[in-house]
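The structures considered in this document are given below.
Two complexes are shown next, each including chain A; its partner changes from chain B in the first to chain C in the second.
Right after this comes the complex of A and B.
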């Protein structure tokens, strides 16, 4: 469909001809300069059109007291925002997001790195191990959620396991109490995404110059020393990219806390995503939900800008390399 | 990387790797074992016997294919335009797209919901396909544009000299040469669309429209919380994903890694 639109306009042809042609006259070049536009137009309509329209609409709704359906919403200006900053549940969600990011990112990094090093060390059954660790990445969180609800229930398999390895005194209703619900959500997330961390580190380590490692060994460096002084600095680009990925993932978190603990008990696993869903859909406070969305958006954008300025060149290099392989 | 020479050291490393993998295997074992508890295979036949069970797969497939086709077409055209054609204020458009990279989908909920209802798109495939595709396009364009930038200009010049217009250049150069990156785009778009939960949850109300990510919840209602059958349904919905991954291991790992580095 899009292709035929482009063809009938006929502009791209002249663009290709005129783009770098030294003979093009001024008038002709001017006519040609706009002509790459039809090619990017579908993407702009879909991406910018739909998304920017939604963002603008959300910004407007955030100034209303609206249930999402009534034809006459009440204009309340910035009242929703004022309420948010006084809302203890909002601050709870923010603090959960921060804790969640630090813990999941830290542990995934350690696990992914160590496992990648192990897999580079001539281990038997390596392919099988790799598949087992990566399978969770492919599975939908919505599909695995009931498994974890069962696993961490009071009479679930995790408590059964604890009893059978002599740690029965630790058994408790993991998802039913406030103190352990958030750690459970983090464990599930780590289980899900370590495979991806591992694959990225594994690829990054393949790029390390082997002679550097050999030189370190000749100089008497042990395994741990090599890991800390050679391997860890060599994969720093991957670590930075993973930090950004985890931070954005933490902001987007919805599926797991919603399906495993329904953001409870008593908001113990409330995240921004679940809170927006709850207020907008379940409580029908569309205005308040929209204001929450705007705040989430601003935070995500801030992170995107940090990423674009700090890590853009590196990510472009790595994506080209990846694509070429 | 780790150099272990002694036999004990080797055994220890093997043991460490095995112990490391076990926690990852444990939930999968619980899932399969739980699905056989009680009625055994009966759980599976009960799940398969629910009328319209395959409908969930069909819906997920329709939505995934729709998203993939849309993302692929739009991405290829735009990446070629951005990389090799002249566009005034090109970088402005590009940055406007890039801004959408980190957008959490929950932010789009309210406006999409009311717009979909006004346009009569509520409870249609399109109400899920369009936002999912829109969220995937910025990154797919970033990735593909970088890839096409890496193709030599001389090749496009040569095609031009031979009389190919830019559409033919697109058809005979860009499409075949971008296959590696297109495979990566395809995989992360597929996983993103197939595994998405929020959009179908909000926009697909009637049961015959729902996707596989809504299956567990559907069975919680259907079997009044009989966990064994819920787990059997989870196993059945997980199987296609695991089989697809095992068949295309390298492609999945590359595609998801590329998709991750947003």
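Right after this comes the complex of A and C.
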């Protein structure tokens, strides 16, 4: 804790190192200084008092069979965790999270990168395109969800459009069947978050040394080669950051699947976040919900560490390679 | 900035004290802090009433205005909470000391979960109606609100389901008769579809309404079996339930159920589709009687977002004999909602006054009756049809009156016997069968396992 770094005001440096002053001079008041403690104390108390306390409390609840209100919860030790690993809905939620992360991160990265490159090409009406791509990021899912419910309903506008362009045979009850509900949720998420990916890549590309791109051009590199060999490696840090954000976002996914499909049909769009809510609030199994939350926390931390470590190792390897050259 | 401390010890002590203080503060704020002190005045004060119903806030205002004619010094604040977020909101509120004085309760999962945090209303009912108070209230309403011998809420109204509502204009337009069997239902739907009109609409993503359809199907196969399964006296994988799920699947495969039903909610999706004339039939209960009136239907159509839409007469019909066994499906019902007084309330006496007025007095129950939203639970109170204007009185008056007479003899519970876990398992079974991911037998087996697990918890 930085706040514990204290020094005797006005005393010789040796005294500050621990030397006792002679009695005569020891009467002088030692005034210890706490540099920064008052500044960080509120955040520290809030951080430990609320966040970490809540995490600890959730861990405790996860060992109970409790409805969240009853004054007499039952201690069940690790029984909730055992049940979770035997729960098919949990595994469904996990598999949806993995598929959701891979698809949304992959497509958002491709679209974001391509948009960013295009916007750096000084195309006409570039500002307008930037606004169009970024606007979904600032729209609340609570506002957009009813629109998507209507859009992808069996008699919604998407099917209407398909029928009017001669693709009526593709019309589906998109959010009313297990096979298409999850892809719809992924499409909405990609639509919503590609703008953020684009902005981050756009900013990262501004940092690339233009002379490097010009040198590549002189060496005969085309657009694709420049994108793959110069731009893509140069924005690796951004990609790693986006991967971490997407992974944690996938683990926390709640609003879109809940508001559009209520995690259904038949758990087809069930995620850990929606399952925790359903279990804790609707079914009143606060202990089981808390155990799910603890697992979610552990997985989120694990993923963040893996991505960070992988990103760091790659940067170190690339630095070593450059040094060897 | 440097703040002086006399010693490291003092510094540490200050930090520890601050942490302990803040944590204690947090714990105090989070603790339940039961308050069983004074119950306040019974004739004046301010009470907060939270509920998911009446969904029409004008209805609640009418109740309060009528109440205030007798009790002008009790101010009632009604807070409408959407039913989908009611459990989450009320759970946190009841755990704190800042919750409502009065809150809505419904038989089944809600009485089981939140009933323990309500006052026992038996003394209030006795004081209002005498020692034979039970004989003066619809029995189905009392049993649903009772938890381990405690009357958790005074039942305000009761609702019944097990029938369909039809748009009679659409039936007349295409020369169709309301279906009485599964085959007739299928044929009607074919005609509607050929004419570009939706046939039957259901929000199959919501468990309560799926249960209604399933219970009606089960009743047409073997009356009473569904209730036995709800009571634990029959298994959920009984052949009758398997057959129920088979017929349920047929509703989807034969095109009776609208495409995409599994992704639709009964409210607002199916309700709006029916009230805007896009579908000819819907599975709703007696709470839909209100839309037989000109005013309520106008309000509902406007709420559905349709400007300038015309009202049309709706009629209740019996659920078709889908099993072909000659059983006209029995209706079933519960208390629609009751008013519970929060144990932690500081205004319990005033809250009891309001609950008592609305649930046990003729004036209060008459206001309820005339709305036709929920049916009065106090025996002898009936809607005053002189004040109620139907969309088409000639067409609707007789069937609506017949319906209201019929429900007086209903004894089969609707949701009162089902826990949240079992309801969730029923929804999973219904959706997995309709979606084709499980056979009726597999789904029924899974449902039985889930019900057993819930019973053992």
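The rule we apply is simple: the second predicted complex is superposed on the first by the 268 of 325 C-alpha atoms of A that agree within 3 Å, B and C clash if a C-alpha of one lies under 4 Å from a C-alpha of the other, contacts with A are read in each partner's own complex, and residues count from 1 in each chain.
Everything below uses one rule, namely that contacts are C-beta pairs under 8 Å (C-beta built on N, C-alpha and C of every residue); 3 or more make two chains touch, one makes a residue touch a chain.
Please read all numbers here as calculations on a predicted model, not as lab measurements.
Engineer: For A:281 in the superposed arrangement: first (chain B), second (chain C), both or neither?
Structural biologist: Both partners.
Engineer: Report the partner of chain A that touches more of its residues: chain B or chain C.
Structural biologist: With both complexes superposed on chain A, more residues of chain A are touched by B.
Engineer: So, A:121: does it touch chain B (first), chain C (second), both, or neither?
Structural biologist: After superposition on chain A, A:121 lies in contact with chain B alone.
Engineer: According to the stated criteria, A:234 is in contact with first (chain B), second (chain C), both, or neither; which is it?
Structural biologist: A:234 contacts neither chain B nor chain C.
Engineer: Looking at A:48 after the superposition, I want to know if it touches chain B, chain C, both of them or none. Which is it: first, second, both, neither?
Structural biologist: In the superposition, A:48 contacts both chain B and chain C.
Engineer: In the overlaid three-chain picture, which partner chain does A:68 touch, first (chain B) or second (chain C), both, or neither?
Structural biologist: both
Engineer: Looking at the overlay, what does A:226 touch: chain B (first), chain C (second), both, or neither?
Structural biologist: first
Engineer: Name the contact category of A:37: first (chain B only), second (chain C only), both, or neither.
Structural biologist: Both: A:37 reaches chain B and chain C.
Engineer: Is A:147 contacted by the first partner chain B, the second partner chain C, both or neither?
Structural biologist: After superposition on chain A, A:147 lies in contact with chain B alone.
Engineer: From the superposed pair, tell me which chain A residues show up as contacts to chain B and also as contacts to chain C.
Structural biologist: The answer is residues 3, 6, 32-35, 37-39, 44, 46, 48, 50, 53, 68, 277, 281 of chain A.
Engineer: Which residues of chain B touch chain A once you look at their complex with the stated criterion?
Structural biologist: Within the complex, chain B contacts chain A at residues 1-4, 13-14, 16-18, 20-21, 23-28, 30-31, 34, 70, 73-75, 77-78, 80-82, 84-88, 90, 93, 96-115, 130-131, 133-135, 137-138, 141-143, 146-147, 149-150, 153, 156-157, 160, 165-167, 169-170, 180-181, 184, 191, 194-198, 202, 212-217, 220, 227, 230-231, 234, 237-238, 241-242, 244-246, 249, 252-254, 256-258, 260-262.
Engineer: Quick one: in the complex, what on chain A touches chain C?
Structural biologist: Those residues of chain A that touch chain C are 3-4, 6, 9, 29-35, 37-39, 41, 44-46, 48-50, 53, 65, 67-71, 149, 153-155, 173-178, 181, 261-262, 264-268, 277-278, 281-284.
Engineer: Could you pull out which chain C residues touch chain A in their complex?
Structural biologist: Of all residues in chain C, those touching chain A are 1-8, 10-12, 15, 18-19, 22-23, 26, 32, 87-88, 91, 94-95, 109, 113-114, 116-117, 198, 204-205, 258-265, 269, 278, 420-421, 424, 428, 431-432, 434-435, 437, 457.
Engineer: For chain A, which residues are in contact with chain B within the complex?
Structural biologist: So the residues of chain A touching chain B come out as 1-3, 6-7, 12-13, 15-20, 32-40, 42-44, 46-48, 50-55, 57-58, 61, 68, 111, 114-115, 117-121, 123-124, 126, 129, 131-148, 150-151, 157, 161, 191, 194-196, 199-200, 203, 205, 213, 217, 223, 226-227, 231, 241-242, 244-245, 248, 251-252, 254-255, 259, 272-273, 276-277, 280-281, 286, 289-290, 293-294, 296-297, 300-301, 303-304, 307-308, 315-316, 318-320, 322-325.
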